[in-house]
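Once you scroll down, you'll see the structures, which are given as structure tokens.
Look for chain A in each of the two complexes below; its partner is chain B in the first and chain C in the second.
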Partner chain A sequence: MNVMINSLPFLWQGLLVTLQVSAIVVVAAFVLGISLGVGLSFGPRWVAWPIRIYSDLIRGLPLLVLIFSVYYMLPLTGVNVTSFWAAIFALAAFQSAHVAEVTRGAVQSIPPGQHEAGKAIGLTFGQRMIYVVFPQALRRFLPPWINTVVSTVQGSALVSLVGIVDLMLAIQQVIGRTFKPMPMYILGALIYFAINYALSLISRTLEARFAYVRE
Partner chain B sequence: MSVSEPLVKVRGVTKAFGSNNVLNGVDLDVPRGSVVSIIGASGSGKTTLLRCVNLLESYDSGSIEVDGVEVGYDIADGRRRPRGERDLARIRADIGMVFQMFNLFPHLTATENVMLGLRKVRGMAKAEARATAEQWLVRVGLGDKLASLPIEMSGGQQQRVGIARAVAMNPKVLLLDEITSALDPELVGEVLKVVRELARDGMTMMLVTHEMSFARDVSSRVVFMDGGRVAVEGTPREVFGAPAQSERLRGFLARIELREV
Partner chain C sequence: MLDILAQFGVLFLIGGYPQGPMGGLAGTVILSALSLALAFPLAVGLGIMRTSVQRRWRWPATAWVFTLRGTPLLMIIFWAYFAVPLLVGKQVSPFTTAVCAIVIYESAFLAEVVRAGLQAVTRGQMEAARSTGLTYLQAMRHVLVPQALTSMLPSLVNQFVSVIKATSLAYVIGVPEVTLAAQQVNSMVLTRPMQVFLILAALYFLLCFTLSRLADALERHLTRRRAP
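On to the complex of A and B.
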């Protein structure tokens, strides 16, 4: 018990890194993923096809492989970034592919008549997306999107493997000094669980909030 | 542009879905202030023609002009180029359309449905758009439904919102695509009444319909389409009164009347 309490300030630093990595990745994947998902759904073939290949490829790789690939291969292409940004790059690439698929599923659930009604009053493509499609697709977008956020927090633990002192690595460093793995891993599990459980509670609230009854 | 020039001018329009030729050279004029009804069996191309007028469907060849502007293409260096998104949006804003399945925006109230185009396309201020929307909704008899969502309205009420949404944009021409086909019989009347009033006020309309008595009643011209062409065209009296001129029209009208009895 003492170990757990004494380690808290140190773990706090790690937790901040975990939250920071997660937040940056979630925002980047959100913006990129929605753009890719819209391109995938409505783009001409020369837009949709490369996105399809990107998404299938990225989602087919284990996240760890992706992180190591970026970490070791980016420098070879002459791009020098810190391990922090390399890890973020890899996580964002991975999650954006998932967000793209979530977006595709959500926007394609909107019937063609809605697009036609938008066209008929003279809305441009962008306006139809913002005022007609997205508000209706939100309900189908949110639950699987929160899943990608949860998986981002979980996946962020892998950045410890390229030497970033996040919550995971902080825990392991404490274990390295105290030789008491059990309480520390239990504490770590509780912290990760608390974050993700809070997220799924938010998800449920939002889902109810945006449930426009239609059927 | 002379006033006598037809508002909608369709010339030699063809359209194929794959190997299926839906339109085979359609010629049609819609004079300003007139109501043209398009009738015909399903598969005759009447809905496709209507959808070509605001380019919900593209056409392969021929020309559709609305108020002197080619809808689907702009002509540069003598060559036809499909219109871009912004161009199309601008043209469509002046062509109203009411749909068979209403296609109201389910996340918006009746007033917001009508306001959307006024705000984002016409650039009206919020208060002005709201006032205009409410004015039209009152006119179609929905003064007590301003804040209702589509789900809270009957089919007939939803369709009247659909009409208000289209006419509030002050379009040059209004396209009505089988707007009563999805309604319960007792709700058809309230929708047709609104269309009649619009016709009386001089709104130029093209309508596809299965309501023969309505078409006879409200139209200046009636067009019978068959096999992707205009087979018979004339005043309601000519088309419904003297069907001897076309065997196909006679057969079509006989089948419709059987259904109406």
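On to the complex of A and C.
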């Protein structure tokens, strides 16, 4: 118990890094993933195909392998970044592929009549997306998107393997110093659980808020 | 890259076998298949508990699922590394530890697949089964679970893909599988990490992509069969 309390300030630093990594990745993957998803669903073949290949390629790789590949490959291509940004790059690339698929599923569930009606009243493509498709697709987008956010928080634990002191590595460093693995891992599991439980509560609220489209 | 493959291809595919334990890609497949096979019965139990109307069954299962889905697998693997020997009371191989960790982790995800499958079976099936005098568990075993299993098949194959990807983490405790093989090759070649990790990525991709295509084909086949 004492170990848990004494380690808290140290874990706090790690937790901040975990949250920072997760937040950057979630935002980047959101923007990138939605663009890719729209390109995948409505783009001409020369746009949709490369995105399909990208998405299938990324989703067929374990996140760990992706992180290691980026970590070792970026320096070889002449880009010099810290391990922090290499890991964020890998995580964002991984999650954006998943968000793209979530977006594709959501926007393709909107019946074609909606697009045609939008066209008929003279809306441009961008306007049709923003005023017609997205508001209706939101309900189908949110639940699986929150799942990708949860998996981002979990996946951020892997950045500890390239030496970034996030919550996971902070816990291990405390264990390395105190030799008390059990209480520390329980505390760690509790912290991760708290983050993700909060996320699932938010998701439930959001789902209720946007449940206005009835089938 | 080809010379690395020529020199270390065998290490990538089967690890140190037959001089050492089976590893490499074969180790990954064995680890994933074994974990999935062991996690499945657990998940069916959890899934049935999750759909129960009685709180004393539903709540423990729900707590189990939510806790594990919110915890990183890496943490569970490290935790199992310390906990499994304590619980068993003797030295345990990293392979067994990894199987335990992945079974615990995946049981939560599979339980959700099972729950979705059970809830997709129409209510009338349960009511009809109960009215012929079957008990709740008999109705589950003979009527609902068999029907749910068929619709779950594509998701199960997809879950197999995520188990394969999850096993890459087992390398951190030294389980002989393909990521560990790549790390070993990398420390022997030293100067060309990019090629080594490209080979690793290609191996994972081939395995996972083939399986997810299989899942898609299965799903199409099932929908076609179900449509009148």
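Basically, the second predicted complex is superposed on the first by the 214 of 215 C-alpha atoms of A that agree within 3 Å, B and C clash if a C-alpha of one lies under 4 Å from a C-alpha of the other, contacts with A are read in each partner's own complex, and residues count from 1 in each chain.
Please note the rule applied: contacts are C-beta pairs under 8 Å (C-beta built on N, C-alpha and C of every residue); 3 or more make two chains touch, one makes a residue touch a chain.
In this text the structure is predicted, and so the values were computed from the model without any measurement.
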_I want to verify the contact counts: of chain B and chain C, which reaches more residues of chain A?_
C
*Figure out whether A:182 sits in contact with chain B (first) or chain C (second), or with both, or with neither.*
second
*Considering only the touch criterion stated at the top, classify A:202 as touching first (chain B), second (chain C), both, or neither.*
neither
*First (chain B), second (chain C), both or neither: which does A:60 touch?*
second
*For A:8, decide between first (touching chain B), second (touching chain C), both and neither.*
neither
_Just to be sure I read the superposition right, which of the two partners does A:122 touch: chain B = first, chain C = second, or both, or neither?_
first
_Which partner chains sit in contact with A:76 here, chain B, chain C, both or neither? Use first/second/both/neither._
second
*Identify the partner contact of A:132: answer first if only chain B is touched, second if only chain C is, both if each is, neither if none is.*
first
*asked:* So in the superposed three-chain picture, is A:16 touching just chain B, just chain C, both, or none of them (first/second/both/neither)?
replied: neither
*Once the two structures are superposed, pull the chain A residues common to the chain B and chain C interfaces.*
none
*Residues of chain B defined as touching chain A within the complex*: 54, 56, 85-86, 88-90, 92-97, 99, 101, 103-107, 116-117, 120-121, 149, 151, 165-166, 169
*chain C residues within the chain A interface of the complex*: 66-67, 69-75, 78-79, 82-83, 161, 164-166, 168-169, 171-172, 179, 193-194, 197-198, 200-201, 204-205, 208-209, 212
*Sort out for me which residues of chain A touch chain B in the complex.*
113-114, 116-117, 119-125, 127, 131-132, 135-136, 212-214
*Inside the complex, what are the residues of chain A that reach chain C?*
56-57, 59-66, 68-69, 72-73, 76, 150, 153-158, 160-161, 168, 171-172, 181-182, 185, 188-189, 192-193, 195-197, 200
